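Dumping the structure here so I can ask a few things about it.
Chain nomenclature is as follows: A, B and C, assigned in order of appearance, with residue numbering initiated at 1 for each chain independently.
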Amino acid sequence: MRRVAVIGVGDTEFGELWDSSFRDIGIKAGLSAVADANISADNIDALFVGNMSAGRFIEQEHIAALIGDYAGLARDNIPSTRIEAAGASGGLALRQGFIAVASGLHDIVVVGGAEKMTDVSDEESAVIQSSAADQEWETVLGATFPALHALIAKRHMHEYGTTREQLADVAVKNHRHGSLNPKAQFQREITRETVMSSPMVSSPLRMFDCAPSSDGAAAVVLCPLEQAKKYTEVPVEIVGSGQASDYLALHHRKDICTMEATKAAAKRAFAMASLAQKDVDLAEVHDNFTISEILAVEDLGFFKKGEGGKATEAGLTGLEGEIAVNTSGGLKARGDPIGATGLAQVVEIVTQLRGKAGKRQVKDAQVGLTHNVGGTGATAVVHIFRRA
Amino acid sequence: MATAPRFWRENPSRYNLVGIRCNSCGRYFFPRRAICPICHRKSVGKIEEVKLKGTGKIFSFTEVHDTLEELVLQKPYVVAMVEFDEGPKVTGQVIDCEASELQIGTPVRVTMRKLSEEGPSGIIHYGYKFVPVKEKAP
Amino acid sequence: MKVGIVSYGAYVPRYRITPDEIGKVWGVDGKSMSKGLMINCKSVPSPDEDTITISVEAARNMMRRCSVDPRDIGAIYVGSESHPYAVKPSGTIVAEAIGASPNLTVADYEFACKAGTAAIQTCMGLVGSGMVKYGVAIGADTSQGAPGDALEYSASAGGAAFLIGSEKMIATLDRTYSYTTDTPDFWRREGQMYPRHGGRFTGEPAYFKHVLSGARGLLERVGAEPKDYTYAIFHQPNGKFPTRVAKQLGFSDAQIKTGLLAPTIGNTYSGAVPLGLSAILDEARPGDRIFAVAYGSGAGSDAFDIKVTDEIDKYPRSKAPTVKELDSNLKFLDYATYAKFRGKILLGGE
């Protein structure tokens, strides 16, 4: 297996991008990654695109060909593949690109992720997002996507004494980080009070416990590590890649307070990287809800099960903490254009490891981790990156 | 939007909680599945359809305030994860009660209600919901 | 062959609204309306309830109280004027839900408020002739009154199911008599959301004429007098009509008290006499005799002579809720919530 490096990253702003279409944002992110990597179309061997539901958001399937086309790659007949795993689509696309380069099949691979969510009504968007859960045995019975996460939160509070305030602290921290990220959807700080007085969505989760709907795209360029120096001063190596699945419906899981898929994916990624949790300086984790980040920092092994809330409250996951979690603002503040999220996480980690994260720079960051989840935890993808 | 056959074929489970028992390990699963996720190949030929009793306890619950369009008349409503006496868990609404009357561990039993309807002219979907079981006064 | 009730089950939604609350919206003195109609409150179905869910719940309560194999049920008839589908039977869903499918016949009945008792009569014939071993007769409704209409103060929701057979009967259906004419006192046209009615024309020439004729016709045919009965029940569009009709026939308040549910749950239409009969069976003793007359606009009456058997002492009534128990865990609604529940508020985008 060849070692693989990220040689270019690019993204769009995240938010309500009324002026931009799906293809506009997909191309914008891709071109900026390609420019960052100092390559051109003739260097590209393959394209992978993470996307959850263009078919329902913009009534367009076959978006791999679409993105390839508008990226100007149609005449070169470059293979382009779409990857779908709900919220984990982006992370999984990265893994497919990684496998393609590591295997020796391709040299230069562009991996993008994009979602255009605001071309449908909020109601329709909620319906589409709920399709990441089990339609027949969860959604149909009245369990919305936030409701399923509320069931996790309620149980976590019951079993471990996690408090409402600790959930709020996740959002407060991520908004603080978002305020330092000029590309974040929300760049304003909030307080516990903001979260706890926001409208109830599904008890105990309130509006500020939930990531927003966003438009956005992100992309990265991969190549074999041995060629990386040709393109960039600071290659970032993907030293670990892990993926895992679990029961689709939350109620079938062994323990709803633990995402077994996260644990398994992390175990595989850390084993590949020959690294341990203590080696990680920063992590972008899948905080689509505040409770999700608490589960993530526990299941990734940064904190003991049940200690995620307390660790957050104690500031251990802030920029100056033991491990800086979601320095970009996370899904909560940077925004969550579903298919783009897994790649946006990579953009942040690479930016940090290059030392280019400005006000939110984690000092002397060497190792970073991304954690991308599909549904309520039926898919998890973990990648570990090291400054090469 | 869902179509009539997609719902119709699940009626045995939605109306009558038809699940399966794996006669290799004795575990119950709901809804039906073709293979036991614990026994794998050993379960082949040993999967038996069974009707669950419909009684259990609340494992976790939430009061839903922000919901999909077709459930807007019912909000706020309670969604719970219920653990059946036979073992499997299921997700469904808990009705005829206030969220404040419930806690983790509250016993419930199954009932049948409208789940949704496909607009005023479309098909109506029926299926299981849960009601708290009140201890009868002696 | 003797035919009778082998088991029964009832269901009434938990929500209630008072005439006072409704009157406040329409500038009507609800308190005096309440007094005049003898309705203190009426039941309201929740948005996820309809005639089918009420029928299923009643039929399941009926099955909980007996050990009859549902596959021995040869017929199910659901009587209602509020079937959720104009075309597509309610009864097929009930049949699936109690495990009676597929070897049986099913049909939905409609005869205003007496479709449920028409279903009982059909089952009596099928069982009596030996065509089926058991038949299920259900009367259930989620009736609607137009906003502001007099019916709005009474039209409610509920239903009951009866397993009709010839073995282990808790009560025998000894005789039935119907009286039917063409009298347009109340109707709802195809596609219309709310029924219309003839106002005071629904009284003397309609309800009273048919109930009295049905009752007298039955008494005459069985050679009985009101005093021969322990209980009596009459269709109850409100509390006032059955009370008055009972008095005219010579039944006492004590005889009609148990089956008179309109004051607490309102007019459950097709569910009214079936629910009243259920309330009586909840407390009846062996040897008790029950006189029942249902009325349906349009118009007709079904009268029944029923006798409670010794079997009722062995019958496990407590395996399902009694009508009294169903009239608990109540939640009173304001008119706005009621209007939302009953689909009286036009939602955007429809």
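As a working rule, a residue touches a chain if its C-beta (ideal position, glycine included) is under 8 Å from a C-beta of that chain, and two chains touch if they have at least 3 such contacts.
Just so it is clear, the structure is predicted and the values come from calculations on it, not from any experiment.
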**Request:** Chain touch graph shape: choose line, ring, star, complete or other and state it.
**Result:** line
**Asked** Closest chain to the protein CA centroid?
**Response** B
**Message:** I'd like the Å distance between the centres of chain B and chain C, where a centre is the mean of that chain's Cα atoms.
**Reply:** 30
**Message:** Quick check: how many Å separate the C-alpha centres of chain A and chain B?
**Reply:** 32
**Asked** Centre to centre, by mean C-alpha position, how many angstrom separate chain A and chain C?
**Response** 58
**Item:** Touching two or more other chains - residue numbers and ranges from chain B
**Value:** 74, 93, 115, 129
**Message:** If we count contacts the way the header does, which residues on chain C are in touch with chain B in the complex?
**Reply:** 14, 46-50, 52-53, 56-57, 60, 84-85, 93, 96-97, 99, 329, 340-341, 343, 347, 350
**Prompt:** Taking the complex as given, what residues does chain A use to touch chain B?
**Reply:** 123, 126-127, 130, 136-144, 146-148, 150-155, 158, 199-205, 247, 249-252, 256
**Complete:** The residues of chain B that touch chain C in their complex are 11, 15-16, 72-74, 93, 95-96, 111-115, 119-120, 124, 126, 129, 134
**Asked** Of all residues in chain B, which touch chain A in the complex?
**Response** 2, 7, 10, 31, 37, 59-69, 71, 74, 76-77, 79-81, 88-93, 99, 104, 115-116, 125, 127-129
